[in-house]
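Two complexes come next, and they have one chain in common, chain A, joined by chain B in the first and chain C in the second.
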Partner chain A sequence: MKVLSIALNTFRENLRDKLLYNLLIFALLMIGSSLLLMRLTLGEFHRLLLDIGLGSVNIFSVLIAIFVGIGLVSKEIDKKTIYTIVSKPVARFEFLLGKFFGLTITLLVNMIIMTAGLLAVLVAQSVPIEAVLFKAIGLILLECMVVTAVALLCSTFTSATLSAIFTLAIYVIGHLTADLKTFGQKMDGLGRSVLEGMYYLLPNLERFNLKGNVTHHIDVPLNELVLIVAYGMAYAAFLLLLASVIFQRRDFR
Partner chain B sequence: MESTAETIVEAKNLTKVFRVGFWGRRVTAVDGLSLDVRRGEVFGFLGPNGAGKTTTIKMLMGLIYPTSGTASIFGYPIGAPQARAKLGFLPESPYFYDYLTGREFLRFYGHLFNLRGTTLEQRVDELLETVGMSHARDLQLRKFSKGMLQRVGIAQALINDPELVVLDEPMSGLDPIGRKEVRDLILRLKESGKTVMFSSHILHDAEMLCDRVAMIMKGRLVACGHVSELLAGSTTHEVEMVIDRLLPEALERIRPLAGKVVLQGERVMVVLASQQDVDQALDVIRSAKAKLVALTPHKASLEDLFIREANVIQSAKEAPVS
Partner chain C sequence: MWAVGILTAVVLLAPIVFLQQKLDRRIDGQLVKIDALAQLPRGEYLKPALLGYHHLGADLLWLQLLQVVGKRKNSGDEYEWMYHALDVITTLDPQYAYSYYVGGVVLTSYGNRVDLSNSLLEKGHRENPSEWNLPFLLGYNHYFYLGNAPKGAEYIGVAARTLGAPDFLPGLATRMYSEAGNPDVALEFLEALWRENPDMAMRERLAVRAKEVIIERDIRLLESAVQQYKSTRGRFPTKLQDLLTSGAVAQIPLEPFGGSYELDTKTGNVSSSTHPKRLKVFRLDKEGRA
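What follows is the complex of A and B.
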């Protein structure tokens, strides 16, 4: 299957890229450093370990999604490698999907390594490991897939630098959409409609954040989890569809 | 001979207008271009840099969309998967996935044609052999020289055993040996029954290889046809003579016959325009006991045609001003 071939090729490209290893090493160092910080806290050190650990997994995965994501397509266009792909019997959307899943595989492998590091720290400090931790990590992957789709969409119509700025902006706003809604409710007329429109249009990335649940040992019921996963998948699919439509019309000059 | 052959690439009035800059100024890169490539021939697509060769090829490959006009390959509209399955393409100054080794690189392209397993492995080894790159099969592409990249690039274009091979500037940036290898490869492809279309601004290569050529300037087709037909209209009978030990008084007898005389120490080079002049000059040389070193008839070349067409376009452009 062509999508899979392109995905595996993208994964291989990522594996041979130094950026990825730098980020991974930093992430593992951060997770490890929580052991030192733990000595500075009074009590609640379980919470600190989980907070820093999950935070590191989240931040570094998102960084990979954004900075590798923006280059997925634009690098192929800049280096003209795309000419040889698109002139083969490969549909443009197949190329985009291949790139998307390639980075998803990369993220998955990275997260497995980071999670292993986190678990090692937790086990060493005999912190109880609960199911909600894995749910939280799963949702971080889903969040990264949405962020990747945003980066991919941006890179189909603009430069790598602008894509990075747009994607970062959407990531930040995506975590503050609840505030947009609250703010909108305090306004009336046009302002209210605009802010509410933005609330529904932008990805609500806060939905994928279960870090509070993990540190406070509150499990998430399955039906709620299914809803969140469906929301993430649908949102990413919508972005990929939009990216395909734009990409299909594009001239490779 | 090829006139009865099946047409496999056909472009009709292809036009591409780009919008450039902030204000979207319109620039016509290709203007109403029509051409056809027939089965089994080597077709040269010639023109100076910036003439619109690459833009035309990109339109044929479905990388950019024509503003107007149509084109078909194997009877399918451009971009159709059925046409792409029988097509191989090498882009201009290609950059490839430099983190892959030669073999991984070809394997990846094979997968895009759904080639798998031993069939694919055999094909990859065979192609690396064909382009003389077997020694670099496990070397990453980032360590390749330009000539090596060009060769795996050609191998990539042949992975699906295509009927039509389109090469955009396959010889640019290569040293004389590399150019000869690419020329030989094109001839081998022709021998094995494939159709080759290639673009070049190096006319000498085209003259040696092509059955038919199309010449494009400023986005417009200026000539298209068999090389011999195109040259028929611009034959010259100039002969270049190089003479040693020619005494000054003998030189004075030749000078009125010659169009051009160049003195290099003992050696004299003269250019003569007609057979009659050549005979007379030879008589002078014999009687003066000078030594004839070389006698070279000047053949009309595509280059002459090219320069003539360029001058026509230039003067047409300047005409309204004066």
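What follows is the complex of A and C.
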């Protein structure tokens, strides 16, 4: 209950963030611009609409997750509003969870608006809409939840700027971990164990990327989808637990 | 104060536009747009750098490429760069079947670079075995441009067996096999297709084509016997029965449509009474005549 009220409060607070609206407007503009670019291409113009649309939904959601996410805790500390919360009978992990779900609700609402924009473009151009499109968007939300958890974890121990840099770095690395594994397999001994250890420790964000499936109309079987969702949830839970442990020991003086 | 500020800004805008135009003329004049294609990094390196947005990357490169393909005339180097760009695009998105197809057509028909076209199409065929038009184009390149009928027939045969391939492909493949001197292969191919195809109308057409290929096979057999006859006796036989009595053939085959085989005693050519035209692919010669 406490978590929910913190979450709703965080959501209301996020709605006052100008950055959010800037990103949302840019996303909608990008999705709309695909209509112009479509005229320049040859052949499969459906794919251009889907690629630009999904790409925009993805990148702008991730940017919201990172740049709103890093401020979740550090803003409270900077404005000293954290004192009023920790002095109440609210456990610190509840505070973190509330912040996390608050931003998740924000992301969800934003993604619904962006998806509505994308669907409007698709319907206007009579592009067939398949179930895999919604699966892909669902997994983008999951990716953003993991990224939010990373941002939240970083912001429990460092400043907003450094958190942004760390989270961006994790986002980049998260899309390259498959290569990390490949390098590891080519090595032997210690190098191999270190790289494989890093591979399992870092999030593999490519697992949440179904954009290509939408473009090529390849559906994802349900059991695979369940595994991906379970992986995302487990990873976010792991990060939130880590964040709670650090946040519990943090001194706000 | 306010008005002065706005006025200064507007006045400043004029030199900005002027300078920008000057720069555009200087720099863009030196560098033709197509050069940018040659400088693209290899797809293997570009793909990880795009962080999961490689399909979008392929789209944007495709858009760029289309702007230069539209030029009226491209030089020889430019086709190599186009090939490079297509290679990068299809490495970013190996399932982008349309770009292989267009690339294959442009490189062959405009650039006369069958080598590049084939290597692009082979990559496409490897990555997209369910697309019939890629092996079809490969077959076309091998047959018409490289003059390699057996290889052409092989690819058209692959295309014909792909799901969703148009009905005319089996016919084309068998013509190519026959012309390549492989009527037996053509027959085997037809039989396999016949077995795979449950559609009765299609089966009927395949049966007719099989008979035509049998005619081609018989004519080849008879003509080589005629040549053998001529080399031993110094003249052409007067009728086909002579081949039988001389032992050049064990029997005169029956014409599958119920007609008969006829011998031209002047040229030594054999023809069928029901199908006087030989089975081959009709191609346009250099001047475009059929």
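By our rule, the second predicted complex is superposed on the first by the 253 of 253 C-alpha atoms of A that agree within 3 Å, B and C clash if a C-alpha of one lies under 4 Å from a C-alpha of the other, contacts with A are read in each partner's own complex, and residues count from 1 in each chain.
Heads up, the rule we're going with is that a contact is a pair of C-beta atoms (placed from the backbone, for glycine too) under 8 Å apart; a residue touches a chain by one contact, two chains touch by 3 or more.
Model, not experiment: these values are computed from the prediction.
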Simultaneous placement of chain C and chain B on chain A, clash or fit: fit
Following superposition on chain A: angle at chain A, chain B versus chain C, Cα, nearest 10°: 160
First (chain B), second (chain C), both or neither touched by A:R39: neither
Touching partner for A:K18 - first (chain B), second (chain C), both, neither: neither
First, second, both or neither for A:K186, with chain B first and chain C second: neither
Minimum Cα separation, chain C to chain B, after superposition on A (Å): 27
On chain A, positions contacted by chain B and by chain C: none
Chain A residues within the chain C interface of the complex: 37, 40-44, 47-48, 51-52, 55, 58-59, 171-172, 175-176, 179, 205-206, 209, 211-212, 215-216
List of chain A residues in touch with chain B within their complex: 2, 5-6, 9, 12-13, 16-17, 79-81, 83-91, 249, 251-253
Residues of chain B touching chain A in the complex: 18, 58, 61-65, 81, 84-85, 87, 89-91, 93-97, 99-100, 104, 108-109, 111-114, 153, 156-157, 160
Residue numbers on chain C that touch chain A, as the complex places them: 48, 51-56, 59, 62-63, 66-67, 93, 95, 98-99, 102
